[in-house]
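For clarity, chains are labelled A, B, C and D in written order, and residue numbers in each chain start from 1.
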Amino acid sequence: MTAPVQPHYPHPSADDPRIMLDAQIGQYEQVPPYPPRTEREAEFYTLGDGEMFLNMGPQHPSTHGVLRVVLKINGEKVVDLDPVLGYLHRGVEKLCENSDYHHIISQIDPLEYVSSLFMEWAPVMAFEKLMDVQVPRRAEYIRVLTGELLRIASHALFQGWMALDLGGLTPILYSFIERDEIVEMLAAVTGQRMLFNYFRIGGVNGDLNHEFMSRLGDWMSRAAVQHEANIGLLNENEIFVRRMRDIGRVDRDTALRMGVTGPNIRAAGIPFDVRRAHPYSVYPELEFNVPVRGSNGGGDSLDRYLLRLDEVRESIRIIDQCLHEMPDGPVMARLPRLMRPRPGRAWAAVESPRGLFGTYVISDGTDQPFRFRIHDPSFVHLQLVGMLMKDNLIADTMAVMASLDPVMGGIDK
Amino acid sequence: MTTVPGMGLVHGMGLTLRRFFAPKATIMWPEQNADVAPRFRGRLQLLYDEYGTLKCETCFQCAQACPIECIDMGGVDTRGRFHVHWGPPETYGERREESAMRRAGRPVADAAFTRFDPMDVTPVTAIAEAHDFEPKDLLPMLEDIQAAYGYLPVAALKHLSRQTGAWYAFVYGAASSFKHLRFEPPTMPAAAPAGEGLRSAEAGYVSALGAALSGKAPA
Amino acid sequence: MTAITRSLGNVSTVGKVVIPLLVLILVVGPLVTVLLATVIGPWVVGVANSNLGILRFVVAITGILLFSIPAAFIIIYMELKVIAYMNLRVGPNRVLPAGAAHSVIAGLKVLTKEDFSPTSADKTVFTWAPVMVFLTAVMTFMVIPFGPGLVGAPLNIGLLYLFAVGGMTVVGLLLAGWSSFNKYSLLGGLRSAAQVVSYEIPLTLSVVGLILLAGTLSIDSIARQQAGWVWDWFVFRQPLGALIFFIAGVAEANRTPFDLTEADSEIVAGFATEYSGMRFGFLFFAEYVNVFIMSALIVTMFFGAWNAPVDINAVLGFFHLAPFWVYLQPGELGLGLLLVIAVAPLLVTLALSAPVYLLRDSMPAWKALVVGFILFNLLVIGALGLAAYIDWDWVAGLVWFMLKAFIFVFVFVWMRGTFPRVRIDQLMGFAWKWLLPAALLNLFITAFAIVILKSAGIH
Amino acid sequence: MAMTPGGAETAAQAAEDSAPGGEAALVKAAPGDVSSPIIVPNTLWTSARPNSYESTAARFTHLRELEHSDLMLSDTARWGQLEVIPTKADLIIDLIRMNSLWPLLSGLACCAIEMMSAATSKNDMDRWGMFPFRASPRQADVLIVAGTLTTKMAGPLVRLWEQMPEPKWCVAMGDCTCSGGRYKRSYSTIEGIDRVMPVDVYVPGCPPRPEGLIYGMMKLGQLVKERRGHWPEHPIGPNVPQDV
């Protein structure tokens, strides 16, 4: 029965073309390893005097995942850069087109893993439009409540990453304490810490339970105080403020032209918020402000950072209102098990913590969508990187990148 | 920014010093367990209903849906006709063996990739080829196989699963949900419905179960 | 001979080894002793006497090398634990109580890792750069006075030596960055060159005012001038200089918020990116040794060196007391001393164990005796330590010096736990636009003050 | 846990949908009625682990043969046959390595967040000396692959792994890295990182809880400790208790 033991790696031999000899390793690897295909490539991959390429990523501590950025640097100054995407391309859209409508919710969940509930919300809303489903009001309130909780968690993580990319070790740990409390709370009602799979077509998976409510009550009693204490570590810190101010300024025109949404456009002075501009769910019934920062010249990294902190305060307000105004009733509409919507198309967008997240669905009358498309805000915001990082220092690339708050899962889909 | 330069730094250092003496947030796992919500999905356990019966209906849907195919289960289907075993050894037998040899220099501890009785499966290949290996044509294929063998042998189903790429549970599920498909050779009498001939064995079980539920020791 | 072999055959295996050894020791021992006493001993003493400087140097180097590694381990452990506590976690706690051995274990593990050098690296430079970094750090130790007389080389130009050798660290870092054949390393090396060279200037200038005050370049002498009360420390006469020295010292030691040379989130690990195994260990230790050196320097220059904050002689003099150890004359007891030595341990042990035995019902007598004996030993150790502290001023100096130095190490770690990192242009701008003028200002003010005070006749 | 109103409604509705015809499909258990489990003699199916399902002795003896063969005397795990005899010093070195496993700061996707969570205050991975997430692979001991591995990322990941100096270990965290997980059917993912690199510990879950990762790292520590000299006593592999 004993099988012969095979060594894992074959013994290297010079004949094997897969094995690179030591003599070959010493040579420079050409960047890129092919002749330039476009004018832009030819321009980028031509080095000027005193310039060199610095390949940042796909594994780099501060690229927020697996983004690869080829920097052309002159000393410490970034002359030009070329982001390379696709290291996390998982084919989510195609997978969704091959899943039935219920299954899509779990497929799209890890798309942008920091704010999963919003990834569920948009397709669910699109399907509801497609099938003319009336969602119970309690379900809508629950969606808003859990969504705003997750927005706080997401912004807490943003704050921690921001500090980590600027070299601060401690704030991310405080943020994670806050985030852990929220995700454990959500786990009490959804059943998972990160990829919740909670929203359903026509409602939510389960009603709020006692465990969730008690944890939420505990948390609400100290949320605001804890938030102010945590941000006190960085907000007034001279080093932090000096590094963030006037770095990566996005003016209003650029923001509009590039299709920036979410906190990034509000930090540039434009009060665009999907929750107010194209109201959905029960947001019209709730009172909250759309915080805006940035002067006429647009907003810099510090504005984007501070605006997210403002949003946390607004989210706490919304949660408070939800808890007071939540009606009783069912949390699920009555629906058939197997969904075959009429042929048609639907678009739905939500305000995710990173901006406008939308899905576009075309149904051909079967139980699977004919086409399923995702509009992700991170992808749009990443286009700004080339513009903002140029002529800055290497250290600023991290500040700018972190302040835009991209998530590679959403960018690469 | 504060009016006095450097006050922000002092403020931050004051905060960290206060946290230095503050009680720690760490949950000393594994000595002390975190407060995990009862609804948390990440645990594996078989649940019993109010009557103390296993809720599991052996539908294999969970094994089929498990993303990492870690659910390894064996049992009888709801109609009491046939034993099925579904689990990673079936699907990943070869790979596990290779991986284990590479990693630990020894075969896997549970060499469960056991085959059923060897039989000639060329007709199955021919049938699958005739239907272009399309999993959507599963029913015609199964009918053809039954026409060829007189019944649906396990080896044929497995072979069909491997040929078409459909999960075995999928193939088996399709086969078991049609009354005109059978798993026994026509010469053998069809198995009685679930538990009909086994009342005596069941009675002992039920009494033991009742005793266990009521807290009394079995007689 | 046969008798001896026969009798040897009768004894056990252990005996077979021990008995010849005993014989050997009994025969050879006296011989060697006589030889040592008559021939070699005087020769050794003569050589040592004629080469006292070299001998002192060897002893000092050995002591410093033996001290620097444990000091680095302690600081690494402190960093792990203090930052963990500031982060609201508990930190390492598995090996030994409170995880005290985790830093040692990390160091030993680094030692057993594969020692790797990239194919295209300049192997010689790559190998020797960490050694250079570490050695410069250790060499700086030579002139730091840990206590009165506890100094490796009492140079009269100690400060000059300090800045000269301390500035050489950058060469090691630059070589490490350049030889790694890695762009991140190169950037790290260049950053460290720019940073350390820039901050050398305010660091040196901030001390010039102090040199004017002290009138000497000898570190030992500077330390002695701060004896007395707290307000005799130089920090109260040179506050601006102390602040500049502290900031520039943080930058010199490459610590947060000036840790640009190995900025994790920017240039992966800076000059250390390609280092693994013990070469990385050298760089790692050197960082923490540098932290200790900077703390020690700050303490020596501005915070009273080894001097206690309280002038004990002045206090005793105020109360018209002679130091009480003058009254203790054990020799006067004569034969009674022997009695005390024989009886006192027994009596004190019994006296200490009695309350323990009486207060705890469950305590058996032997356990109480053991506890009493341990307490007695602690008492003796404490008394001896107190006597050493009082009688030998180097013990007192070492205690105060270490205490103050580790307070500053704590501040370094505290800053690491709090601050983000500055940017390279802000770093350079801060050095040249703020620190340098401030240091010059400090120098001029001090010079003016000295001139005015001298002309007024006040010293 | 009490049934929520929504749940009851959906259950009733499910029954309605699945059986539109009549009442026959609806099973209504009377209170006190113990419904019977189905017990069928096992004739066709061979158990995966004979020891765990039956009380009879194991029919698979290859493991025992292997344990008594010469192969077990040496460590053939990754470094091939050892040509030295492990001594007490090796055990001490293993103990040292076990207590200082520095992971590489590398995350691919969703699981990276939970990996960070394992290192932060609530679930402090630093307690085992696994704190400094080294940014450079040259100084790391453990590669925690956290997240979906795509075909494009496979090359860089293998390169990272090869850049790490020996001894090194790999932990596959999450379903995607263990076997492809929910992206198994995608055209651009790799179904399990053990197709491209060796793996020491698999931590399943989507994503696993931080405690799960810490447990995996503790298991890795055990693996490191027992790597040499203790093979017969501590077999590696799924260890299912006899009475499962």
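One rule holds for everything that comes next: a contact is a pair of C-beta atoms (placed from the backbone, for glycine too) under 8 Å apart; a residue touches a chain by one contact, two chains touch by 3 or more.
Fair warning: this is a prediction, and the values are worked out from it, not measured in the lab.
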Checklist entry - Does A-B or C-D have more contacting C-beta pairs? => result C-D
Checklist entry - Based on Cα centres, what is the most central chain? => result D
Next on the checklist: Can you compute the centre-to-centre distance for subunit A and subunit B, using the mean CA position of each chain? Integer Å is fine.
Outcome noted: 33
Checklist entry - Just curious, how far off is subunit D from subunit C if you go by their C-alpha centres, in Å? => result 46
Item to check | Computed distance of Cα centres, subunit D from subunit B, in Å | outcome: 16
Checklist entry - What is the distance in Å between the mean C-alpha positions of subunit A and subunit C? => result 48
Checklist outcome for this item: In subunit B, the residues touching two or more other chains are 9, 12, 15-16, 24-26, 28, 34, 36, 38-39, 42, 102, 105, 107
Checklist entry - Which subunit D residues sit where two or more other chains touch them? => result 1, 60, 62, 66, 71, 76, 78, 105, 120-122, 124, 127, 135, 182, 198, 206, 209
Item to check | Shared interface positions of subunit A, touching two or more other chains | outcome: 1-2, 5, 8, 61, 170, 173-174, 177, 193, 206, 209, 233-234, 237, 239-240
Next on the checklist: Thinking of each chain as a vertex joined to the chains it touches, would you call that graph a line, ring, star, complete, or other?
Outcome noted: complete
Next on the checklist: Considering only the defined contacts, which subunit D positions touch subunit A in the complex?
Outcome noted: 1, 4-7, 9-10, 13-14, 17-18, 60-62, 65-66, 69, 71, 76, 78, 80, 105-110, 112-114, 116-117, 120-122, 135, 147-148, 150, 152-153, 156-157, 160, 182-183, 185-189, 198, 206-207, 209
Checklist outcome for this item: Within the complex, subunit C is touched by subunit D residues 93, 96-97, 99-100, 102, 105, 120-121, 124, 126-129, 131, 134-136, 138-139, 141, 165-167
Checklist outcome for this item: Residue positions on subunit D within touch of subunit B in the complex are 1, 29, 33-40, 42-49, 53, 60, 62-63, 66, 71-72, 75-78, 121-124, 127, 175, 178-182, 184, 192, 194, 198-200, 204-206, 208-209, 211-212, 214-215, 218, 235-239
Item to check | List of subunit B residues in touch with subunit C within their complex | outcome: 9, 12-13, 15-17, 19-20, 22, 24-26, 28
Next on the checklist: Quick check: in the complex, which residue numbers of subunit A touch subunit C?
Outcome noted: 22, 25-26, 52-55, 60-62, 76, 163-170, 173-174, 177, 233-234, 237, 239-240, 242-243, 393-396, 398
